[in-house]
């Protein structure tokens, strides 16, 4: 009964949503004089950033990104709060168990490579696809691999939160520097340089690297917290 | 044409995976199915000319989300209908 | 390449996205297991992300990246804004899912079950 | 000018990132820093509000791009008033809970203050931002802080409440994203003022559907009737001050969002009537649900929901008087309901389930707390000469001027219901004999200060409403002038 | 000056409240001062011309006084001062003194404020302050707070909110809250408003005046409040309802054609209230309840007078209002004194106090005579004028109703008098003393005034006349008083009074003489000791004289009594609560259900989007 009602409801909802979106149409520009044209133009001319998505994420809509890393930060905090137990309540059962030696040695080999990849991705965020989020997540996957294979592998929590905090402070701090230099928060106050150079885009790569560190640390924190949750 | 077929296959796969994820009683498989959804999604993103999104989705959706789901399942129960499963085990033992 | 295929494609991506949303919602609304509900919600997120990216798509467009040695025409680029939004949405969705799963663990600790029908001490 | 609106977001964020580090240096900093930040925000907002009332709104640009491109923050009389209110309430909540959590371990305490600060920051962000997607981000910040704060006490059913909240919040964000994308696909911009100026070009169907999605998404946070299932649970299970924060801060921000959509962004004429309709339904359902509650906080939660319904009715009138009344009610509700939550949580401090019957006879043990609770109860039902009366009067006057006699009658009938359940509690406090099991807990000094401040505010506004009406008038005029908003944002006369 | 009085009241209330922490005597002194100082200030300095204007919250408030409200202020402050003296003694040694004094002063302040209000908002503010302060007094004992107290407040709130609705409607039409503007513009309002506004206002005032279907709160509230306060509650506070009704009936309704029906209906409602109140009063065994119902009945008379609205009827109504304040105030004070001295106010238990509390008896006797409408007390004059006015305006049926009610009132008058003071003396009450001086003197003063008004009604008829002229009645200086047939030279002296006095004196003499004599001649037994009849009564049977002595009468009127309107209200309230309890089940506690509600909400909006937007 409940299922039927839900299906009917969802059907109606789906009908209207689908109707709307089909009507909007797919694969052609829907509007004129949108902001995207300006973005595409300014990212080359003003910011000298070849990846438009990066320039949007970090500069045009950098405020969103600040909020977003905050969301992740809060998620880590929330996880700690929600899963918090007093010492005597902590149980014995762990989700972890040791892996075979092939896996362990393989992971050992892979780990630096993954980290390197992550770093590469976020350093080149303004040039190629990828950036802070992607690089950060890749780094987190690297740590995840290590955490899964080595039962006793532990990330230094202090370092983690230090990285996280410092990266966050750097992000906001750079924003404030922009405020002092250019009058607006997150202003790109460094000379953008030449398009497609590694050192181009002014503060954008710096911020994105910070985002990378922060996201990496936060996601590792999430994994770490959940993984060390003992029933 | 190939492009079209590829997308069709992906679309069918992703919907299949979604249905499977919802219908599967074994939560572990369901979670794997969500991982597959994310994987196909990232391919779709790539085909929709969104490489950044594809990268993110691949890393977060496939790896991280799946793993925290799995950890949760290991910390709680594996099957959707806890009671049923226990009974089934019991009957199987008998 | 035939135009009709592209027409079908028009509906296909949107349709898939909406279908995934609906399937996810169905899971979240009907399934009893808390983990299943969270799975449903994360499936919904996936669908929404696909929908958002699809809105910015331009037929025959290129990724919004001005790579060297590759003549990029801003007019032929897909809309980068939805992609930027989706990046944010994905990360936020991950954060919410993580919190949800932590709550699931807490609830299991407290109630010893994951059946949502049995977890309603607070009502009326 | 002392600062700019962006500092409302950046300073707390910096502090939030710093707090884990500071906690390593000296544990007390974890408590103190959020308070300092909130105090700074209050000073800032008061200063900015003063400035804004004289010189007109401040439009803050971020990353140096003019509004249709970049994200902007708008600190006008309307949003500035709400920000000041929110920050003020936040500071009081901080003071109230400063020692409240001393019996809790350090780890959660650290998180508590951090999350509380971020809850307030998120709400401030919702109010200040001039960009719909940015608003989504802030709603999520608020949401995640809210989930975590709701689940703060491990001993209670708080995880259940939090999960319900999260479930609905997650559905809300889905709808919000859908709505944002429908709008974006039509106008190609995310800036509120830009959207508002281009709204007439959108096909009505899209407009309506995206509005429906918006109202659903934000309605979940703003606790309108069929969407508010999470609210009573969350209010009940969250720590006392957090309940006050939900009632005094989060809901206010969400109602602001709804109002911004209805008044500025969308130009749907039916939206106003819809607000009235939904507000009335919320009011009636919540107040009737409240009358038979067995738990004190749950009753307060339903009452709070009902009050927000009333606020929405006032906003739905669409006249400047109505907006004025609604703002007045928001102010009063923030003050009074916080007082009720604060004093109420001391009345049932040591109780597990917070049953109403456990307040019996508390007046002998907690005289001041009881008196303040009674004051709050009298004020919230709108008895003169307390603060609630003026807002109720202005609301009814506005309704009468819009010729809504039926609504006046309905609102007044519901007020009688409200009166009954509040009086029952007050009677229990004063005239019943204490239950054997209950153990009264004397309020801590800082809690007492906060409660007395709120009580004094109730009396001040009650006896001298002019203290606040000037600002309210300017704020409501500011909201009504949509063209001015668009002009201010898009042409940036800074 | 106007606002200074209110500020003094308010400050006095707060000071008195906190003085209790220091010293009880100080508190008493402050209490008296904060009643008497503003009262004397009022009579010394406030005149019709002084108007104090204030703008608060964008609303123009105005305080001032007119001849009509001066009359009511006389009742409020006069009775209030007397009751204040009484209270000091009454409250000695009781708990919650600060609470009592605070609310007492606040009530007086609120009533003064109501009378001073020249605009509807301040009227409403003071009205509500009066309501909640009197509510707080009603629950003072902590007895039945969840039933009686809530009932009182709910009815008051319904009334007040009806009034509030009227106020905002008036504002939306007039753009002004001033009462003058309302009076001026009322005849030009649309007809539906001309009906709606009086109905709403009369509901509000009717609650306080305990008019028939809205009276159910009164018995409980009157009897639950401390008696020192109930004298004000019944004597003065209910007059605020009358005051409001006067404004509505005269200033508004007499200028529109529909007004006639309103007046008739209200008059009839008053008549019915009088009858029902009287019948219920007879049935009571508790003096407080009896007086409470009696108050309802007496207010019924007043409402009849105001409802009829001819000059004489109005005068009768207002006169009765003053007199009622005097005698009912005294009676409640007397019951308070008895209760304080004996610990109970039940006729079944207390008898034969005439020798123990002679002064209380004297005050009660005078007041009861006045209540019953027997000459030469004030009550007689008022009732006579009422009959007269009813007859001259051709309301013969109403005359019968009122007459029946007043006649039946003798039963409870007798019951009151006999139950407490006459009858056999019991050992249980042998040690009862007369109440303290501070309690006796106010009663005697008040009863003296009842007496004085019977002899010199002109004392009060002059202010009434002034008030009525303010309301727009013609100059009535003497001719009105002369319309009365018997006493055609009322005003300053009544010609036939010597005759009446002698009749009364003889009657009284015999009454008292016979009663006292019968004590001496009969064997002194307890009420339980009845050996003359065949059966030996059981121990728990109460054979006090006053119990059930009008059984046959009650049996005759039982069909009327059985339909207790209170029961319908209770049924309605319980039904509503059950409904609400059912409705809140919609919050099932299941998060999934809530999520489904969200989808239902969206789908409904989507389906009805064309209608809604």
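Chains here go by letter, A, B, C, D and E, matching the order in which they are written, and residues are numbered from 1 within each.
The working rule: a residue touches a chain if its C-beta (ideal position, glycine included) is under 8 Å from a C-beta of that chain, and two chains touch if they have at least 3 such contacts.
None of the values given here were measured: they were computed from a predicted structure.
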item	value
Where chain A and chain D overlap in contact partners, by chain label	C, E
Other chains in touch with both chain A and chain C	B, D, E
C-D against A-E, pair bridged by the larger set of C-beta contacts	C-D
Chain nearest the overall C-alpha centroid of the shown protein atoms	D
Most distant chain from chain B, judged by the mean position of its C-alpha atoms	E
Most distant chain from chain D, judged by the mean position of its C-alpha atoms	E
Inter-centroid spacing, chain E versus chain B (mean Cα positions, whole Å)	76
Rounded Å distance, chain C centre to chain E centre (Cα mean)	69
Chain centre separation in whole Å, for chain C relative to chain B (CA means)	13
Computed distance of Cα centres, chain E from chain D, in Å	44
Junction residues of chain D - those touching two or more other chains	133, 137, 140, 144, 147-148, 151, 154, 159-160, 162-163, 167, 171, 178, 185, 190, 209, 232-233, 289, 292-293
Per-residue overlap in chain E, given as positions that touch at least 2 other chains	584, 587, 589, 591-592, 595-596, 599-600, 602, 606
Two or more partner chains touched - positions in chain C	6, 9, 13, 19, 21, 25-26, 28-30, 37, 51, 54-58, 63-65, 77, 81, 83, 85, 87-88, 90-92, 94-96, 98-99, 101, 103-106, 119-122, 124
Touching pairs - complete list by chain label	A-B, A-C, A-D, A-E, B-C, C-D, C-E, D-E
Chain C-facing residues of chain A, complex	2-3, 6-7, 10-11, 13-14, 17-18, 21-22, 24-30, 34-37, 39-41, 43-44, 50-53, 56-57, 61, 64-65, 67-68, 71-72, 74-75, 78-79, 82-83, 127-129, 133, 195-196, 215, 219, 222, 225-226, 229, 231
In the complex, chain B residues that touch chain A	50-52, 54-56, 59-60, 63-64, 67-68, 71-72, 74-76
Sites on chain E touched by chain A in the complex	596, 599-600, 602-603, 606-607
Contact footprint of chain C on chain D as seen in their complex	133, 137, 140, 143-144, 147-148, 151, 154, 157, 159-163, 166-167, 169-171, 173-174, 177-178, 180-181, 184-185, 190, 232-233, 236-237, 289, 292-293
Partner chain B, residues of chain C touching it in the complex	1-2, 5-6, 8-9, 12-13, 16, 19-20, 23-24, 26-27, 31-33, 35-36, 38-40, 42-43, 46, 49-50, 53-54, 56-58, 61-65, 77-78, 83, 86-87, 90-91, 94, 97-98, 101, 104-105, 108, 113-115
